[in-house]
Every structure is written in structure tokens, then in C-alpha cells.
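Chain lettering (A, B and C) follows the sequence in which the chains are written, and residue indices restart at 1 in each chain.
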Amino acid sequence: MIKFKGVNKWFGKLHVLRDIDLHVSPGEVVVVCGPSGSGKSTLIRCINRLEKFQKGELFVDGTPLHDHSTNLTKLRAEIGFVFQQFHLYPHMTALQNVALAPINVRKMKRADAEALAHEKLARVGLADKADAHPTQLSGGQQQRVAIARGLAMSPKIMLFDEPTSALDPEMIGEVLDVMVKLASEGMTMCVVTHEMGFARQVAHRVIFMDEGSLVETGKPHDFFANPQTDRAAQFISKILTH
Amino acid sequence: MMLFYFQRLIEIYPFFLKGLWMTVAVSGISLVFGTIFGLVLGILRASGNKFFVAIIGVYVAVIRGTPFVVQIFIVFFILPEWGIQLDAFPAAIISLTILATAFICEIVAGGIKAVPNGQWEAAASSGLNIFQQLRYVIVPQSLQTILPPLVGQYVLLIKDSSVVSVIGVVELTRVGWVTVNRIPEGLMVFSLVGVLYFAISYPLIRLSNRLEKKMATQQVML
Amino acid sequence: MLEGFNFRVIWEYMPFFMEGLRNTFLISIVSLFLALIAGIIACACRLSPWRLVRGLSIAYIESIRSTPLLVQIYFLYFGLPTLGLRVPELQTGIIALMLNSGAYIAEIVRAGMTSVPNGQIEAGIASGLNYFQRMRFIILPQALGVTVPPLLGQAIVLFKDSALLSLISVMELTRVGQTLTSERFMPSEAFFTVAFLYLCIYFVLKSLADWSQKKLIFREAY
């Protein structure tokens, strides 16, 4: 589904992705973790080309992303993206946020798109908040609307960039619940997160990154029980003691 | 022909320097007075005293609501009717000061109101009198909010000082107007005038932008 | 001090005042409309990826903002004829007002556009919206809310600035006052009436601007 082959990226002189090789199969849930500045956000932002990379090859669902002739808009419509800071459109209701892309990208009829948006909002447990503006919603609710917005395009892949890091602790659960449900339904997901409970419960694979390199990858249980590298061990002990 | 005029323009450059100096003098003096009066009126306006707030409010609205050129005409033509004889220069200073005071007092009042109420209470509880509260606690904090728009306002007022040319003060714009009657190259003459204004106001605009950016980062740090 | 105030003369000249007011109005509206177009174009150039286009628009905006409007008016009034262009006073004045306000409007519009957080634009990109859809659905609706109050502020400034066209003998409100002063030598009657009329319009525009600001703040807060 997603295939990185020797991908490299620089921000000016800073080498932020080093020789990334990674293969994600359909229906697989991959959790990406690592210290801040390790390049994990950059990695998943490459998958829908919010970031360009300078060297290497990246295929998403068979489409080459390193090829300049690729129709990015079409590709992005197939990938849902959930941001750390939600980035809902504050001038629109929850429903309008979700229905915007189906109407304008998929060219759906307004009524159909709104029915679809209602369905997606119900799926994240917010059927009653359709007419609320983002400022009237709690952080957890906003993030669930953002997930519904991603789902509205019936994506083949969902990407999550630290979806719970900006939330108060008591709201993290409601967002993770939605993500767990999504994973159990067979969605292909790449999740940058430090929620190790989530990783244990649903991830098929955990990837550990440090300084732009893919340091270690393994099944969640193995990764947490006996990490192969010192850097991973250090990182795990840090988050577990927190 | 153009070259000939250009040479004549260069010959009379001391005339332009005199105009530049007059612009700097008129706006400099008015800005000093305007800042002092504006500070006092701004503090009174922020005080919440109903009488002062009403009076100053009317003054500010009248000044902001009428064109400066009309205000100058009123000062220059009407004060003499009431027995106050004024030369052009003092009339210019008076009208520009009245204008500056109105705008500056609004900026000051806004800056003072932006200081949280708790600061007044804290200063009062440590036994400072009202002047000490202002001097040591409130004004230093509000300076952050006041300075960037204040410098921006200075630029606007320096540009407004060009209007005093209509009552015959020989500042930069008047110099241009007189010159263009002798050297009929409007683009050339007023480009020169514009460049000289640019030389005064552009550094101030940059300063105002820098202060604004600096203030934004300081707020984030708080 | 107003014992000698001659209301009869004001009444006698009322039709002239009204005509002046109407002209001031028309000049302001036409210039504002043209300035909006100029400002939007200048802003688009300012945000353009091409260096030359961006540089030109910065040069335009900065040179307007750092020189007085009166100098710009004289620049065109005395300068256009030297280029062999015979433009009547009224049109010259409108062009000057358009160029002047256009530069300020460009900055207002730019501030509005850049006020939309980058993350929302990324969210739009991520859901496959193209450039025009992002403009239409995400940036413009939000930028408009931030832009309208300062635009109304600029409209007030433009309306007052139009008084300067009296200095190139455009028959607007201030010019009517000057005419009355020279025909009858009654500056008090002339300029107090003129000031009063400007004030009336100012209050209408000001309450409109305040109202739009309140609506905006209300929307943000809730």
C-alpha cells in the first residue's frame, strides 16, 4: 500500500530523513514513535506529499510520489490526514467541515454529501454536534470531527500526526476509542503517537525513529518487552516512567 | 530641456534643505507637545472619570471626524476674528498639536486599559499613590502596547504636516509648490519632495514594524 | 463668541454646501471602489511567487505609505501635464486618492489573507481541495471578517482625505467653504458649517465600522 525506497529529505542543511525503507500492507496499522525531532511527523507528511523529499522513491497505492507528473490532488483525496492541532475551519459548522471536500472534490450533491457527513459524524459519536461551530466543541470533540472529515473521502489510508498530543488527558480516551474502532474495521493506518496502550492494543507493527533514521521495527509486544537497540530502550523507559 | 531644469533644481537645493528643516521643525515641535498632552489626556480618559471621558471623547471625535485642512483653516482664519492674531508658523504648530494630541491620547488610553486590573490593585495595596502607580507600574507596562502604534502615528502626523503648506508655511511641500511654478517639471520636483519625505518617514515605518514584531514575541514569552 | 454668526448666509449658500457634500460623496465612493480594485491587484502581486512583480508592488506600496497624500496629488497635478497628458482636476484627484488608498488597502487585504493559520490550509490540501477551492472556502470567508473593519476605517480616511482635492480646485465640500470665505469673507460661517457636515458623515461611517467590528469580535468569542 505504502512503499518507501531509500527516501531522503533535507531541510536546508538539516538531514531529516535518512534512507527510509518501509513497506505498509493494506489493512495494516503502523505506529511510529521516537523522540521529538526524530523525523516521524515528516515521515507521514511525506505520504500525502505535504512535504517534498529530495531523494528516493515512494509509492502510495501504486502511485509514484517522486514523479512530478503525479496528480497530487487526486492522490490526497484517497488519504485522510488528522493533525495534532485539528485545524478545523472555524467559520464552518462541524457538518460543513466534513462535507466540504466531498462536495468540491468528489463533486457530490449537497444533500448526499450532508447525509454522508451526518453518517461520519455519527461514526465518531458526534451525531448531535453537526451544527456546532468548532469553538463550541471541546478539544476531543474537535479532533473527532477532524477524523470524520478525513473519513468523509472514504480514504484507503488514514494518517494521524500525534492526534492526542494537544488534548487534555481526560479527552484522549474518546479519540483513541474512535481510532481503535477504525483499526478493527480494517483501515490502513499510520499513526505517530506516544500512546503505548494504543500501540499495544491495535498496532501490527511499531516503528522507532531517531535522528531521521528508521532505527527499529517490530511487533508491539516484542518492541516494548525487549527492544533491540539502546536508543529504543532508553526511549521506552522514558515514556513508561512518565 | 529636462537636463537644464535638472541643473537648476540642483542649483536651488539649499531651498529644499530649508523646507526639509521646516518640516522637521514643525512636526518635531508638534509631536513633542502632542505626546505630552496626549499622555495626560490618555491617562484621564482611561481613568474612567465620567466628566473627563465625555469631554475628551467629544474632542477626539471632532478632530478625527473632520479633515485636517479644515481644522487648519479654522485655526488660521477664525482665531483672528476672535482677536487672536497668529502667524502661519504658530498656527501650524497649534493645529498640528491639536491633531496629534487627539490621536495619541487614544493610543495611550488603549495601552493603559490593556494593563490587567490586578496590576492596579497590587500597586495600590503596596501603598503606592496614584502617581506612583502610574509611574512605576502601569505606564511601563503599557509602553509595550503603546510604542508601535505611537511611532506609526508619528509617521502619519509628519505626512499630515504637509497640509500646513496651505497657510503659507514654507516647508517641504510648499517648497515644491513654489519651485514648480519656476521650474515646470512637476514629476521631477515632486519626486524630489517625495524622496525627502521618504527619507524621514521610512526609517520610522521600519522602526514601528520592528517594535511590533518585538512586542509580539514578548507577549508569547509572557 | 458666536454673536456675529450669520445663519442667513449659511442658509443662502446651503444649495452650494449640499452640492459640495454630494461631490465629496461621489468622489469618495468612486475612489474607494477603484482603490479596492487597485489594492486587491497590488496585494495579489505582493504575494506573487515572481520576484520582479513582488518587488514592483512593494515599491508602490512603500513609496505611497512614506509620502504625504498632498505631495502625491501635486505630483500628478503638476506632473501629468509635463508628460503631455491633459487630465482634468477632478480625474487627477480621483487617481491620486485611488493610488493612495490602494496601497493601504493592499496591506489590509494581505493582513487578512495571512491571518488564516497555515494548518487550515494544509488541512485543505490534505483533503484534496485545489488552490481556488481553498481560496473560496477556507481563506476568503475568514479573511473577509478580519478585513471589513479596517477597510471601513480606510473608507473614513479616504472620505476625509478627499478634502485635499480642494487644493487643486475640485469643487467639493471644503472648496465650497473656501469659496464662501473669499466671496463674503465669512470664514467662521463657512468652515464651521463644512466641519459640521463632515462630522455628520463621519458619525454614520464610524458607527458602521464599530458595528462591523463588534459583530466580528462576537463571532470570534463565541
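By our rule, a contact is a pair of C-beta atoms (placed from the backbone, for glycine too) under 8 Å apart; a residue touches a chain by one contact, two chains touch by 3 or more.
Source: prediction; values computed, not measured.
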Maximum centroid distance from chain B, chain identifier (CA atoms)
A
Which chain's mean C-alpha position is nearest the mean C-alpha position of the whole protein set?
C
Roughly how far is chain A from chain C, going centre to centre by Cα mean, in whole Å?
47
Intercentroid distance (Cα basis), chain B paired with chain A, Å
54
Where the centres are mean C-alpha positions, what is the separation of chain B from chain C, in Å?
20
Residue ranges of chain C touching chain B (in the complex, touch as defined):
1, 62-63, 65-72, 74-75, 77-83, 160-164, 166-167, 174, 177-178, 181, 187-188, 191-192, 194-195, 198-199, 202-203, 206
Taking the touch rule as given, give the residues of chain B at its contact with chain C in the complex, in rising order.
61-62, 64-71, 73-74, 77-78, 81-82, 155, 159-163, 165-166, 172-173, 176-177, 180, 184-191, 193-194, 197-198, 201-202, 205
Chain C residues touching chain A - in the complex, by the definition given at the top
117, 119-120, 122-123, 125-130, 133, 137-138, 141-142, 145, 220, 222
Interfacial residue positions of chain A with respect to chain C in the complex:
48, 50, 73-74, 76-77, 79-81, 83, 85, 87-91, 100-101, 104-105, 133, 135-136, 146, 149-150, 153
